[in-house]
Amino acid sequence: MSVSNLLENWAEFRHTHPVDDVPHDPYKWAMSIDLDACSGCNACSIACYAENNIPVVGKDKFEHGQVMHWMRIERYWPEDGREFPDQGATFLPMMCQQCEAAPCETVCPVGATNHTADGLNSQIYNRCVGSRYCSANCPFKVRYFNWYDYPTTENVWPAEMTQQLNPDITLRGKGVMEKCTFCVQRIRAGERAVKNEGRILRDGEVQTACQQVCPTGAITFGNLVDPESKVHQKWKAQQVELTADEQEKDKEEGGTDLRGYRILEELRPYPSVMYMERVRESAI
Amino acid sequence: MKDIREDIAWAKINKDVLKSLESPRNLYWVIVIGALLVFSVGVGCEIYQYNVGMGVANLDNPHVWGLYIATFIFWIGMSHSGTLLSAILHLMHADWRKPIYRFAEAMTTFSLMTAGLFVMVHLGRLWQFYYSLPYPNDRGLWPNFQSPLLWDAMAIFTYLSSSILFLFVGMIPDLAICRDNIHSGWRKKLYTVLALGWEGTDRQWRNFRVTYLTIACFLIPLAVSVHSIVASDFAMSQQPGWHVTSFPPYFVAGALYSGCAAIITLFIILRYVFKFEEYMTLPILKKTVRLTFAIAMVWTYLNAVEFASVWYSHDIASKDVLIQKATGPYAPYWWGMIFCGSVVPLILAFKRFQTNIPVLLVTSLLLNLGMWLERWMIVAPTYSHGYYPWTWDHDQFPSWVQWGMVFGSFGWFTLLFMVFCKVFPSVSMYEVKEMVYHRSLASKKLEVSGSQESVEGAH
Amino acid sequence: MHRFIRFSILLMGLFAASSSFSADVALEPLTTADDLGPAIEQPIEFPHNRHAGLRNPNDPSNSDPLKGGMEIDCMYCHTYARRGSVAGIPPLQKCIGCHQNIESVRETPRIKKLFEYWEAKKAVPWKKVHDLPDFVRFNHERHIKRFVFQQNRPVQEVCGACHGDVKTMTVARRQKSLAMGWCVSCHEKDHVVSVPGGMPVGSQAYWYGFKKPALNSAGVEVAKGPNDCSSCHY
Amino acid sequence: MIDNNFDRRDFLKVLGWGGAAVALSGCGNTSVEDGKETVVSYVEAAEYVAPGISVYFNSTCAQCDAGCSISGRVREGRVLKLEGNPDSVINRGKMCGLGQAGVQHHYNPDRVREPLLRSGDRGEAITWDKAYALIAEKLNGVSGDQIDFLTGTVSGHTKALLGNYLESLGSKNHFVYEAVSPAVQRAANMKSYGMEMPRFNINKAKVVLSFGADFLGAWVSPVHFSQQYAEFRKGVDGQRGVLVQVESKMTLTGANADRWLVVRPGTEGILAMGVINALGVAGLSLSADVAAAVKPYDKERVSKDTGVSTESLVKLAALLKDRTPSLVLLGSAAEGYAHGSQNAAAINLLNQVLGNVGKTLEASAAVPFPQIAPTIGNTAALRMVNNRLADGQIKVLFTYGTNPVFTAPSEMKFKENLGKANFRVAFAHYLDETALQADLVLPLDSALEDWGTLVAEYQPEGVQISVQQPLMEKLHPETRGMGEILLSLVKQRQPESYKAFDDYYAYLRTAMLKNKSEFANSAMDDDVFWNGVLSAGIINVGGNLNKLSSKLSTNIQLPAPAEQDAKYPFTLIPSVTANLRDGRHANQPWLQESPDPLTTIVWDSWVEIHPKKAAELGIVEGDIIAIESKNGTINAQAYLFPGIHPDAVSIPLGRGHEAMGRYAKGYGVNPFQILDRVFDGETGELAMHETKVKLSKVGKRVIVVKDEGFAGGAQHGKKIAMTKSSDQVDLSEEV
């Protein structure tokens, strides 16, 4: 990439979210998570460990806040001051929201995290210098830094356990940032496979590890620009727009009976993950 | 009281200043060895951190920046002293700056060099830092020009090279004096080379003045921009407590503030160590102190502006962070910053203390402590208490590795400074001569006009 | 004074001009030059030239091993290349499959060694010649499908684009730089989408987003390779 | 000649796997390298084995007994990840966290690698021949009734072979012990429905009232129930299902309930009776004897006894009456008392009164081959073996799939009694607490290396026989499959009848082929059939559909809630977590680091105390608390947990190992140790919730290692995890 190339294509390189002249085509990966279905069982999180070579840091490092779980399950209690949480807890799977206008992308000094044309917020490990500015600017704090060289740390991957490592993913050494990738290795493999067949991916052909394992099917993943995809239909039914910082439906007086929302969308990162509110029975 | 005696002989100025380059006193060696030891603590910590990983600094997710960045801003701030004294006051024709600007400029250069180290040690993959430099490479990649961190790197690099240039250019006539007064050894060779054949001709002086003025003009916007850019590392982010419009002027004021405080400290130390009482006189100190007080009040005002704008805005998250700073686990440090930064300088308002050396030494150290705390209080609490409550983390405390490197940086700075003082004249001889000359002219004028007055009165 | 200001402005302009010029032009030769890798010692000195080299037109029976090759298709042995990300080394059984019927070379030292491995049921510890860094995900299948099948180009030309002229080598040796800029220089080129006789492409998306296929000046549909970092790094 | 005809068993025997140095360098190798690494190459390779291409093989998850069928991702001859097999009716392609950690069971660095013979305090590696000879020698002259097998739940052909071995020894002493097992419920179900484990159709119910059944976490077949739960939430006839959970300590299921009702420990039965009473009041017609039986349980009394408000009780009854069908479930929280059977009977009665039997409760199919049907464990078995050991009736004891030294309450003195047996053989994957006491430890293949079949107790549709097959070559050459060992042992006794079988694989294949007609068309070619079975990983047979009887029993004796013990004022609830269960997988690091869903604590045990009670006692989070029962004291960090009855404290089971390797040893405490020795009156099961404890501060405080941050579970006004009331949503418009 030369300077003239940079200048000529400046507008293209700097597109961080789809605009009218360059829409997402043919892919925009997005997710929908139904909190009413999520039971908080943590299977997705463990699937993520298994798929993405996430190190188990151990008790001491966990205590220091250096855990690496790309997907964490948050547990919220109702805040109405009752003696017992008699409507249970709310579980929320939180991982990189693959924001369309991601705060992390603009600040990285070396461009190690940037937006792909298929709507992912990619993290290029080998480009990362470890300034951690991306994490500093992430409103969701879903980026995890390799504070130690986990591959060589004792008891993280003893010799036998190295055989479990997924060879499709780079093993991250010390000093690089990492985060949920929407299982980009599966997306790329899928894209390659269908290119050979001369078509684009159909809904369900690529599953993320968390989606695949979720016993209650709370996680839906797919191509948002494909009208056939479940995720497209869900977003549409919930009237959630990718590039809105306040949803049209939320402007109605008294709210709506739709459950879809995105977290911290008022900050305008345009997250690619839509959550659907938990429901609690009113008759009891 | 006069800020310099107008009857100092020029030869004496040369002699006094050149003496400071010669045979170091024991005290000098004590300081150098002490500085080396302190620096080696920092080096040891860095070696450990480099080998084991950033985790030993006890940083965590989301607490990804710590004392390194806070101290980095601190040192960048310190660097503004030299620019202020040499460039700004030079343009304003405040000639009392003349005996002290040289070391202030040296301070600029060295604190920038120290600050640069912190950018380095804070990188997770130090060995790959060159990825952030824009140079044509085999990968065909450029750094991300949108990132304030990249602007930062460029601004600091530019500022560092300009201030070295400024320091050097301003020193040329003095280097020639050194060259002419020292007759053998490596010093002779060094000064001969660095003096660039200075002979003191009119033409040389004329060109010298213009060059110096040009660089000074160039440096002032640079100094302002450097700290504005450092401020934009924070202000351009989206985080509560960082995303503040008034950060650039706030940072610049803070920088000038800590720079002035550091000048007072070094003024006192140099005056004592090198016996520069005749040049670094109390009236000059007094002026510096008054300047410091003024800047302290500006800083306090900007602080109040920031708090007020957060308080009266509807930015709940920022307000939360502010409340956390004042009441949470960081409260002692935050109130410490308010005390050191806004209350302690009130001492400087009293005439009695404006020339009281022990009080000023303690005060200036406290001011700098306050400014250092300020930087830490900008960086850390936002991490502890960001947008996302689940990740709030209030018990992160820097480990000894971080403290060690902060400590070590003072050793590094002192070391550089001490070496500088022995190699280069830390008081500008030609400008002091100028000052003495101007003062003698002025007093003659005064005598003449005074006598006329009395003559008139006699009439 | 004005002289100095003018002079410094002139200097700055010169600096800006020269640096942007150098940044602009320096790249091409930097990345496309051949870059010969070190010679590698393999457990068996495999003669690629004998297997893949061109036939000697003067020797139709192909009896003289020093004079000509057998023009075996690269993918006859490196059969995984069209199926997966790695081209792979054929299983020993494939070598034996042919060589047990070629009596003429049965007693040569290399083939004897080969049979020793086979009898011990031990895989030959071939060394990697083209070993990309661990964070690079190169996919052979896509490149083979794109250029051999869809563009109908000769196999040796397509493989040779990255592996060099292997048919002239004994033990393979890296000839191309394989550095990132070198890869990118090819991905930035316009490649013809399809040719008559090539595999039809269907409604396939050649692009990821911005770089859609376009008609070039000759009216032929061309497309560039993917240019996202995360196409190869994840 | 080249043999291209690959035997199915050899598919993994690919030599020269070059991944030994599995790219641990990560980002280290930053430039192109030449000639440093070796290529993955094979001597012979089947068509489907290609470098860089993953192959999926179906097998069965052995992490618990639910029988989920899995699909293992295999590449370059090593298994990388376990995924669900979509064809399995039990898990339909889904998995739980525990199941996925199966790879860490397989690759665990602390596995036993060769047979170990006790020599003083150490284990000495011996050969298998020597081990078998030793067993033969030790069994010589010992009469059959002095030889006992203590195992965990067994099923499939392992069980059949084990039965044959016992028979050859002349022993009938096969005791099946599971420390965490719904055994009381089975007995109660048998009485009420004529079946131990009927089918629960959560997805067909409009209201699920669960008395402590953690069906989303650790109860019976959680992955299957989670899927049912998802359907249930989406709605039956457009009406979203309502979950009401009754328990004293919130489980994962309780945390997902629309209404979580906290009850005084042990009063679940009273509440069930109270609900029946309230249903009667609300107008549901009750038969005379039921009405009579529930008469004393008017809402005021029930409210007073259980702590549930009368208002909630009335609302609950109204909901149950309005929305049918409903389903009442019964879990360990209700079973774990001396009157557990009575609680269970009352809860089953509620189900019957609501008319759920036959609608949401259906008969399950019986396994057509009783010799491979699961033998389900309980705690009564432990009690019997312990008594036999104490009385010196056991000369040779074999243990398999269970860790009684860890899970038996210390008051039973199981460890001491174990010493009274002459010869103890442990079949073990790891040196766990029980294996450490053994004289001979026989190392087992991991579940991913072994052949076998598994039949789950809970069968959602017909009967699924899950086939277990190796996903890769043995990691350690000197381990053996359980079936393999049993075959060798039984060959010692009856060489003639088993000489046809070279190995367990041959036995398994023959045994399956023998019943080919049951599974498929009997005319099918043997190889075709067998390969089909292996590729599917499961066999579905219709099974004999039983009929569910519904026998109303109103003879329920519920004791009044126990008065608070002045000395030991708290009830200890040993909680079963989804990931760690009874602790047999505590050495799998993913499970240790996976935060407990409710407290988010990792790598350690904790004691849950209600914040109100904690404030009374001056306890804050992280205080080390001594929890003292009559039988001992354990120290654990305090965690203030709103989802627990103030008179109860809870400690999770599964941690506190003193053995089992680097990831388990020394993390947390083991509440099994301090359990009181109280048994259910009818079934003799250990009443796990009957332990009374007192708390005292030790005077130390630690930082609780957990994922939850300073803000706890609060959102501070940010819209993060949102909730809507069901009358505000319209689920019918959703996709």
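A, B, C and D are the chain letters, set down in written order, and residue numbers restart from 1 in every chain.
As a working rule, a contact is a pair of C-beta atoms (placed from the backbone, for glycine too) under 8 Å apart; a residue touches a chain by one contact, two chains touch by 3 or more.
Just so you know, these numbers come straight off a predicted model, no measurement behind them.
S.K.: Kindly list the shared contact partners of subunit A and subunit D, in label order.
M.R.: Joint contacts, listed by label: B, C.
S.K.: Higher C-beta contact count, C-D or B-D?
M.R.: Here the pair linked by more C-beta pairs in contact is C-D.
S.K.: What is the distance in Å between the mean C-alpha positions of subunit C and subunit D?
M.R.: 53
S.K.: Any idea how many Å lie between the Cα centroids of subunit B and subunit D?
M.R.: The answer is 66 Å.
S.K.: Counting only Cα atoms for the centres, state how far subunit A is from subunit B in Å.
M.R.: Computed value for the inter-centroid distance: 43 Å.
S.K.: Using mean C-alpha positions as chain centres, tell me how far subunit A is from subunit C in Å, no decimals.
M.R.: Going by mean C-alpha positions, subunit A sits 35 Å from subunit C.
S.K.: Scan subunit D for residues touching two or more other chains and write them down.
M.R.: Touching at least two other chains: 23, 25-28, 30, 52, 703, 708, 714-715, 718, 720.
S.K.: Which residue numbers or ranges of subunit B touch two or more of the other chains?
M.R.: 125, 140-141, 387-388, 390-391, 393, in rising order.
S.K.: Of all residues in subunit C, which are in touch with two or more distinct other chains?
M.R.: Expected reply: 23, 27, 133-135, 177, 179, 184.
S.K.: Quick check of your reading of the touch definition: is the inter-chain graph here a line, ring, star, complete or other?
M.R.: Contact pattern: complete, every chain touching every other.
S.K.: Subunit B touches which residues of subunit C in the complex?
M.R.: By the definition above, subunit C touches subunit B via 1, 4-5, 8, 22-23, 26-27, 30-31, 177, 179-182, 184-185.
S.K.: Subunit C touches which residues of subunit A in the complex?
M.R.: 1-4, 12, 15, 22, 24-27, 114, 116-118, 120, 122, 124-127, 168-171, 181, 184-185, 188, 192, 195-200
S.K.: Report the residues of subunit D in contact with subunit C in the complex, numbered from low to high.
M.R.: Interface residues on the subunit D side: 2, 15-16, 23, 25-45, 50-53.
S.K.: Write out the stretch or stretches of subunit B touching subunit D in their complex.
M.R.: 125, 316, 320, 384, 387-395
S.K.: What residues on subunit D touch subunit A, complex-wise?
M.R.: Checking each residue of subunit D against subunit A gives 19, 22-28, 30, 52, 75-76, 78-84, 91, 93-97, 100-101, 103-104, 107-109, 216-217, 222-223, 226-227, 229-230, 233-234, 240, 242, 244-245, 250, 252-262, 312, 315-316, 319, 475, 578-579, 589-595, 597-598, 600, 602-604, 612, 642-643, 662-663, 667, 703, 705, 707-708, 712-715, 718-731, 733-735.
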